[in-house]
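Letters A, B, C and D mark the chains in the order given here, with residues in each chain numbered from 1 onward.
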Amino acid sequence: MVNLSVNLSGLTLSNPIIPASGCFGYGKEFSEYYDINILGSFCMKGTTKEPRFGNETPRIAESSSGMLNSVGLQNPGIEHVVQQELKEIRAYYSKPVIANISGFSVEEYEYCVRRLRGIDNVGLIEVNISCPNVEQGGMSFGTDPEMAAKVTKAVVKVADKPVYVKLTPNVTDITEIAKACESEGASGICAINTLSAMRIDIKKQKPVLANITGGLSGPAVFPVALRMVYQLYKEIKIPIIGIGGISKVEDVIEMMMAGATAVQIGSLNLVDPYICKTIINQLPGMLEQLGIDDINKIVGAAHR
Amino acid sequence: MVNLSVNLSGLTLSNPIIPASGCFGYGKEFSEYYDINILGSFCMKGTTKEPRFGNETPRIAESSSGMLNSVGLQNPGIEHVVQQELKEIRAYYSKPVIANISGFSVEEYEYCVRRLRGIDNVGLIEVNISCPNVEQGGMSFGTDPEMAAKVTKAVVKVADKPVYVKLTPNVTDITEIAKACESEGASGICAINTLSAMRIDIKKQKPVLANITGGLSGPAVFPVALRMVYQLYKEIKIPIIGIGGISKVEDVIEMMMAGATAVQIGSLNLVDPYICKTIINQLPGMLEQLGIDDINKIVGAAHR
Amino acid sequence: MGIYTIESIRQLTYDTYEMTLSGDMSWIKAPGQFVNIKIDGFFLRRPLSVCDIDDRYMTLIFKVAGEGTKALSMMKVSSQLDILCGLGNGYDINVSISEPLLIGGGCGVPPLYYLAKTLKNKGITPSVVLGFNKKEDVFYEDKFKALGCNVCVCTVDGSYGYIGLVTDIMDMFDYDYTFSCGPEGMLKAIYDKSIVSGQFSFEERMGCGFGACMGCTCKTKYGYKRICKDGPVLFKEEILW
Amino acid sequence: MGIYTIESIRQLTYDTYEMTLSGDMSWIKAPGQFVNIKIDGFFLRRPLSVCDIDDRYMTLIFKVAGEGTKALSMMKVSSQLDILCGLGNGYDINVSISEPLLIGGGCGVPPLYYLAKTLKNKGITPSVVLGFNKKEDVFYEDKFKALGCNVCVCTVDGSYGYIGLVTDIMDMFDYDYTFSCGPEGMLKAIYDKSIVSGQFSFEERMGCGFGACMGCTCKTKYGYKRICKDGPVLFKEEILW
């Protein structure tokens, strides 16, 4: 028997597979396709203090081995998430979930995280300082180590769960941002969010997305995400959740060998709603084939 | 008849299609596949002051819709390029080429550019401050606006041809670097070089590339390159050569609508040696279909 | 999600194809629902309305609009497709109506066929208005006629049927309800012109097609709705333009 | 570059396939050259040695090493492949030799077959040593025998033929020259052991396969060489390990 269970700052997951924020809603749609209790955990859609419509449509474009989105953090606001979504989730998911939080000021982040205190089916808080699809706030917190530190510090102070900070790849040096978060008490780092990107409709001579730019995700970004996780593992001591372009079981293993303790799978859920189930089923066999009896042994293996 | 000819700071190209540096050697191998005189121009492999072997092999890895390289500027040195390659090129290419220059100090850049004075089949100098595959120098000049400005200034002073600076996408804000180059007299900007990336061999539990990381190129990066060209067009007045992931005639048009006056095609030449010929043949028909009689009219069209 | 086998591909016009597929049809519950098709070499699936269906076969009609639909049109009979089926709400036919008018424009026509058939089975024979750009684009007029529907075709350039837009000829019929599908401009024109209630089927670029990504959200009088899950069909009363 | 049609696919061992293709063979000039195959869904081409060739057909033998060769193994007869042909220098047979020994290991065996045939046509019948890991991996022993070659097979685990490595059995033959192809470790062992001259065919991860990208460069006594263009065959005298 291969051990698949991993530990994220005290939160034990039965396996390292976590659907990523924004690509799994609140899990409900997927629970109609399969029993999502097999997941290590799942990450809810990004939540802000106030409800948001997000950006105008079109919000989606396609590219080679990838997609662009400019959803812009559509969500019903933290109050609704706490009062309704987190309660409804219990009906089809019995483990703790990950709450993904965004804000347009340090106070908003703090507000949301405070509001999550005492809610026992939230196991971890993922602080998104990397959304490329909102005007102010969002990514701007993630491109400046000082701002990243400020948000982390404020949030860690009020949180009663481990705080993981989710970073943007749209920076010169991601390790610098991560170190700032680590030093202010972040329990872990999630990397990466989407790459800022765009497409143009040549018939209309206009950007495809109403928001002009969007975030690139999917297999196209995998080697960039992998490089960043590898770099982070060298520079920080806290656990890393590896995200970006994972589409198959081999990618999970690469990502963990680069240094991730767990992984998140985003866009692939949108085109193959069963992808996480498939990968969870394939993991033990794949590890056995590689002669590995405990998945924790591969974390950072490529550094040795 | 559709007009395809474009002008790069006084250098007129019969069409905007230019094979990118490092993906076309000195053109010789391709001249065996087709008459490369149909090209607008072509960009020679990156040249440094001293000959270089580059990095150890493996230097190549693959990813979804892309490839990674860590060639590390293998080249015979500027002296050999001037004395031999540039002379031999005349036998199969009768137009001016673009010389791509790299260095490990400002002096080295300056030296190479000075050495190119008076050589009439060099039409343009592309200063590569963005190679992710060399230890010092290379990309480090391209991630800091001050260093970028310094290199540009030194090179512009000694050059007798237009100087275009080639930028790296591995930065938080590419426009900041471009503006630094523009203000020091660069005649144009080339964007983008490769994205720093990696792959891991899960059987060996080791990075695939001997150099650990490499540069990601190919269709996977197209939407990122397009976004950067679009951003640059808003912020600078000098011409932009759009590079990154172009694989078909539609991509050329998107790139020009984003703001590129000409484009470079890199990796695609490696997997389809006829790609530039194919695209040049398709361009007039594609433009006609879009109702465009002069390709210059689409430059920056997506901004209007 | 399921694997479906291509049973036939037939070219209806110079750019429009009709494809029949076999496989598990139990997912599909209502006319106006759509399927989302994985095409080799493309990351996102392509949404197409169900044009017709029975226990064993499903018919889709699609226009070659870009690379994805082009690749689809070149697939071979008996090859297989990975399809997410039974997506969206579909048209609600449990509304009290007696003389419905079905209005389709271009590649908005396909879902109306299965809708017409379903209404027919309920004992209601709808009237049908089909709008196209030009003669060469027209398809399925005879299919609707074969159902016994009163069918009127118009083309923008007048090269076939009546000249003009669907809104120019819809008043030739008596109707107490509209079901429509087509370009947004057409839907808006119908909305503005018709004084009766109705259901309108919308298109939007989609990430998932099953409600997970918020890629397709629009504003309605009753809050934000996902075109893919809460739509594609919206009631006239809730639409905000 | 050209389009080639798959005429047959045959499984030689549990993981090794033999494929014959028809198309323009005029590109191929020498044994030891390779082709570079575009496989749908993969960005880079896959290099494979020419195993045999005549005016109309080419034979390739490949092991399923990863996703690309797996996809290749599942292609159907009569489907088409986009292939760059006639790449690399190939073995130089215009050297003065009388008793050449051909040494192949695993998927380094294929190019030696066409080499043996070419030598044969020149009036020289080579001896052949083939090394595999185990019995189940062995292929083409009979094909070399049918050419009239003296063939010796060894397996690492001794489950077939002689036990051991090719270097353990090569001295069973008299030879004045070696032609080898196989894993780098094997080539190095042959280099160290043999006292005669020879030619060695190398593998490297390739970007282009035709000399444009410098992805495959190695150092030799006479400067840097591109495995794809200046190789894959190097002379013993120039090799630097």
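Just so we're on the same page, contacts are C-beta pairs under 8 Å (C-beta built on N, C-alpha and C of every residue); 3 or more make two chains touch, one makes a residue touch a chain.
The model shown is predicted, which means the values in this text are computed figures rather than measured ones.
Peer 1: So which chains are sitting against subunit A and subunit B at once?
Peer 2: Common contact partners of subunit A and subunit B, which must touch each of the two, are absent.
Peer 1: CA centre of subunit A versus CA centre of subunit D: separation in Å?
Peer 2: 46
Peer 1: Where the CA atoms of subunit C average out and where those of subunit D average out, how many Å apart are those spots?
Peer 2: Chain centres of subunit C and subunit D, defined by C-alpha means, are spaced 56 Å apart.
Peer 1: List the centre-to-centre spacing of subunit A and subunit C in whole Å, with centres computed as mean CA coordinates.
Peer 2: Whole-Å distance between the two chain centres: 36.
Peer 1: If a residue has to touch 2 or more other chains to count, which residues of subunit A qualify?
Peer 2: 61, 63-66, 218-219
Peer 1: Taking the touch definition from the header, please name the shape of the chain graph: line, ring, star, complete or other.
Peer 2: ring
Peer 1: Throw together a list of every chain pair that touches.
Peer 2: Inter-chain contacts occur between A-B, A-C, B-D, C-D.
Peer 1: Applying the document's contact rule, which stretches of subunit C touch subunit D when the two form their complex?
Peer 2: 40-41
Peer 1: Per the contact definition, I'd like the list of subunit A residues that touch subunit B in the complex.
Peer 2: 61, 63-66, 68, 143, 170-172, 195-200, 202-203, 205-207, 212-213, 216, 218-224, 226-227, 230, 245, 247, 250, 253-254, 257-258, 290, 298, 301-302, 304
Peer 1: Can you tell me which positions in subunit D touch subunit B when the two form their complex?
Peer 2: Residue positions touching the partner: 1, 38, 42-45, 84, 204-208, 210-219, 224, 229.
Peer 1: Any idea which subunit A residues touch subunit C in the complex?
Peer 2: My answer: residues 22-25, 29-30, 33, 45, 53-54, 57-67, 69, 71, 74, 208, 218-219, 267, 269-274.
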